[in-house]
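The first chain written gets the first letter, and so on, giving A, B, C and D; residue counts start at 1 in each chain.
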Amino acid sequence: MVKIVDAPEGVEGHGFFATSLDKVIGMARANSLWPLPFATSCCGIEFMATMGSNYDLGRFGSERLSFSPRQADLLMVMGTIAKKMGPVLKQVYDQMAEPKWVIAVGACASSGGIFDTYSVLQGIDKIIPVDVYVPGCPPRPEQIIEGVMKIQELAKHESLRRRNSDEYKKMLESYNIETI
Amino acid sequence: MSVQEINNASVLEALAAEFGELIINSDEPYGFLTIEIPAEKNTAIIQWLMEHPTIKMNFLTDLCGVHFPDNKGKEIGVVYHLHSWTNNFRMRIKCFVAAATPEVPTLTTLFDAANWMERETFDFYGIQFVGHPDLRRILNMDEMDYHPLLKQYALEDETRDDKDDRFFGR
Amino acid sequence: MDFALLLEKSILILILTAITLGIATYLTYGERKVAAFLQDRLGPNRAGKFGLLQPLADAGKMFFKEELIPKSSEKWLFIIGPGVAMITACITSAVIPWGSHLELFGRNIELQVADVDIGILYIMGIVGVGVYGIMIGGWASNNKYSLYGAIRASSQMISYELGMGLALIAVIMMSGSLSLREIVDQQSGWGGMKWNIIYQPLGFLIFFTCALAECNRAPFDLPECESELIGGYHTEYSSMKLGFYLFAEYINMFISSAVIACVYFGGYNFPGMHAIESQNVLAVLQIVAIFMKISFFIFTFMWIRWTLPRFRYDQLMHLGWKTMIPLAIVNMLLTGGGLLLFSGK
Amino acid sequence: MSQLDTHNHGNFVSTETIDGEIATLNLGPTHPATHGVFQNVMKVDGERILSSEPTIGYIHRAFEKLAERRPYNQITPITDRLNYCSSPINNMGWHMTVEKLAGINVPKKVDYMRVIIMELARIADHLVCNSVIGVDTGALTGFTYVFQEREKIYEMFEEVCGARLTTNIGRIGGFEREFSPVFFSKLKKFLKEFPGKYQEFDDLLTRNRIFMDRVIGAGPITPEKAIGYGFTGPNLRAAGVDYDVRVMNPYSSYEDFDFTIPIGKDGDTYDRFIVRQEEIKQSLYIIQQALDAMPEGLYHADVPAFYLPAKEEVYSSMEALIYHFKIVMGETPIPAGEVYHAVEGANGELGYYLISDGGRTPYRLHFRRPCFIYYQAYPEMIKGSLLSDAILTMSSMNVIAGELDA
């Protein structure tokens, strides 16, 4: 059965319905996550399958891929990130507009996977903050979709002010990411 | 010298007749003709094989480096795989150099394909291909200060701090 | 100044703007659903029933997304760009007749914001300005890909506007008027079936192709061209500024469909319209008729987008200058000859 | 590099030129058309490319060093990740290499089973490549049609080995189990239905006027140049040279099958597209033949020292337990020696050069990766063409990042 978004909690009465802006915008964000596929290797092919007809990420309002980081809400890092690629990934993250979420899809992006070698970054969380990790080598499309749904949960319950909070800024600073 | 039928013996014979002592040794592991030649003569010999009217080694299948640290004076080797499409004949050519002066003439003058293969070999083993038009690292970062496939370097990422090496003998 | 007229027009403008925006919003949903349908997928279905709240979710998200203005960009032009695109897209609808008229409160309320004599010229003019939004935005971003998008957009628009204008001239020769209402009314003969498409099939094809190009729709979506230029002119735009560009594209699509319906497919005329006696019922049915025609063309736009590959830049120019314009001229000559022969004008 | 570009090199006009008409355009590593990760720094005059300088290595994972640390059985998963669009071919190429080194003869049935799996993988790979050419021309719909068919191939792989993409299929010496009846029924259904379904994709693009205009003449290469640059596989065949390892050096009983090698004429993007289209049909034909002539016999070679015994035997017999332990711990008795084995991968000659010193791991393992070798011709192929052509050339060469960077 298709799970449809429930109305947010609010005050109901005759002819009116009041809820807080936070919740409405949270729901809007959750249902309109435009991914930036940072697909480097095997997981990228599974992502293509996820976008295909059988799995259809479009059901979640995420079929509009935005290759420009300015327009993306969700950075999906799929595949091995070599040390050579690290700075590039960081810059892409840097260029994204807030609010932004990151999924590390697959073992390589999460921890380096089987590639415990001199040239591979041992997990992208060494350079950028990650919200959801999807295990698998590569994960099945269902798993990728579940990762996106976890991000939806996060987005839904995030306060509008979180991105301005000191904790958030401190967290970014710990990754040496410039904050405004 | 003309070669009537192309097989390991006849090619080896032709090579021996042309280059004599330059063919340091030869072998046929799993029926695959393998010869060893001095590094500084590789371009000449491969060109001869390529331009020979009947042998016609027209295709450079593969080029890679190899490291034998115990083989003093011949630590680093380059292995070429050649393929003659007209005769469907493959052969392997090896040349070894000392680790202190890893210099091998380039094959880019004969095969365009050798360009990146040599760059990769340089990247992995630090072999200097003399005459290569653009010998830079290709796969690793330019900042890297060693040649990672040499046997003395570790495979693992040195920056990792979440592993306890005591139990693995690392 | 007649206060009632002012009020009447204000209300009309308000309704029209609301409808235009609403339609543009739901066109994004429509596009995604049509794409999903053509690709054997489901399309958005989680936000509300059948995903009907999807456009609202997109809009809500965009409003609360961070505004990024790159340091190296030309700040003011960067901001103005999407505004120009949006405004020009919105004001085109002023001259389109949505129906004959309503009889309310003892007044004849024209279902058109402004019946200007030069309606078609007005549309061509505004569309011509529309390209500035893209050009300014693309240039001000100071990104090479944006600039490529902007250059492609401007040359494409200029080339295809010519073909479009020449195709329209043939229609104008037939009607003898530049007013859209006049053109639509002339098509009411034969029980509401005397549509210009019968006389101008070639002109319609040219106009339709050029309309695709003017809206930057596939196969002419070179200014955006995801696989080459990432997002083209809007690569650097985030949040609602991007929303404006996307909105403008959909509004343009809606307006082009409306113009095609008016000029070639009889506008609000529909078969059997003369049998209806009540003017108000007729007007409502006319609105339904024109919107049905518009929906059909919008669907066609989407259908084409999800079917055809896109042109290459030079092929696009060849098509514009070497095929569309000569064909349009031939069409014009044929129309002229036909008029001479048959109507003796 | 698109997105990364703006911070650093905001100025459009390169300072190196006097007339200021030549720009430097940075394509990649995260440009949508690069599909994986490579960077091209192009000098462009308007949209015309004057020169380009590719940089690769953005996902270099040190496969060859890794292989020196792993027992033979454990290298199969690494080969999966070389050309991940057609992992089974890589797996089986590796198995055959080790079999050659250890002198294992596999039964005919294993050969035929391998042929079926390898040809399915080839179809899967070509499907991705051709649909991606479509996506890069702007026709996204074909991609979704093709991926539905690809899912069916995945299902068959799952039936055989449990994995979809990085299959790790088979063992040294054969397969771990017999193909199940479900696999055969799925395969038969696929063979029957696929041509019709694929026709939809074919109708959408192959004779589409716009598509043909776009791809004909884009990124051509002459046969001489192609051979010089080490091209193999469909890209070489598109240039008109009928080199195919399956015919030249038959492995896995390919000599038993009747198939034609499709070749092109101009070596341009359209020829590459058509050659792949045709190879898909030939692969189907090969699978049909292998299915019809499937010999009776065991699904693995009888080599207890290499082939993992069945679990029931491990629990009940001493020898099996010993072999199980030794194989799992990587103590298989591999002779010293060196061997080169090549298979026809989806992109061309995929070679394994293996030097063994008799130890538990290879002394040196070098992969001849077809992508890596032919991608160096890219700057020459796109010189003087338009930006759009360059992107189509790239996607039609089917450069897979995993194989390129190893």
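Things to note:
Note that a residue touches a chain if its C-beta (ideal position, glycine included) is under 8 Å from a C-beta of that chain, and two chains touch if they have at least 3 such contacts.
Keep in mind that this is a model prediction, so the values were computed, not measured.
Chains touching both chain A and chain B: D.
The fewest steps needed to get from chain B to chain C, moving only between touching chains, is 2. With respect to chain C, maximal separation of chain centres occurs for B (centres as means of Cα atoms). If each chain is reduced to the centroid of its CA atoms, chain B and chain D end up 24 Å from each other. With centres taken as mean Cα positions, chain D sits 46 Å from chain C. With centres set at the average Cα position, the gap from chain A to chain C is 35 Å. For the pair chain A and chain D, the distance between mean C-alpha positions equals 30 Å. Touching of two or more other chains is recorded for residues 53, 65, 67-68, 70, 84, 95, 117-120 of chain A. For chain C, residues touching at least two other chains, in rising order: 35, 39-41, 226, 230, 235-236. Each of the following residues of chain B touches two or more other chains: 139-141, 148, 155.
Viewed as a network of touching protein chains, the structure does not reduce to a path, ring, star or complete graph. By the document's touch criterion, interfaces exist between A-B, A-C, A-D, B-D, C-D. Those residues of chain D that touch chain A in the complex are listed here as 1-4, 7, 29-32, 35-37, 57-62, 65-66, 77-78, 80-81, 84-85, 128, 143-145, 147-148, 150-151, 154, 164-166, 401-402, 405.
Across the complex, chain B is touched by residues 56-57, 60, 62, 64-66, 68-69, 100-101, 225, 227-230, 243, 248-249, 337-340, 342, 349, 351, 353, 355, 364, 366, 368, 372-377, 405-406 of chain D.
Residue ranges on chain B touching chain D, taken from their complex, read 29-30, 32, 34, 58-62, 64, 66-67, 79, 81, 85, 88, 90, 92, 111-113, 115-117, 120, 124, 137-141, 148-149, 155.
Residue ranges on chain A touching chain C, taken from their complex, read 2-5, 24-25, 27-32, 53, 56, 58-61, 63-68, 70-71, 73, 95, 97-99, 160, 163. Considering their complex, residues 83-84, 112, 116-120, 122 of chain A touch chain B.
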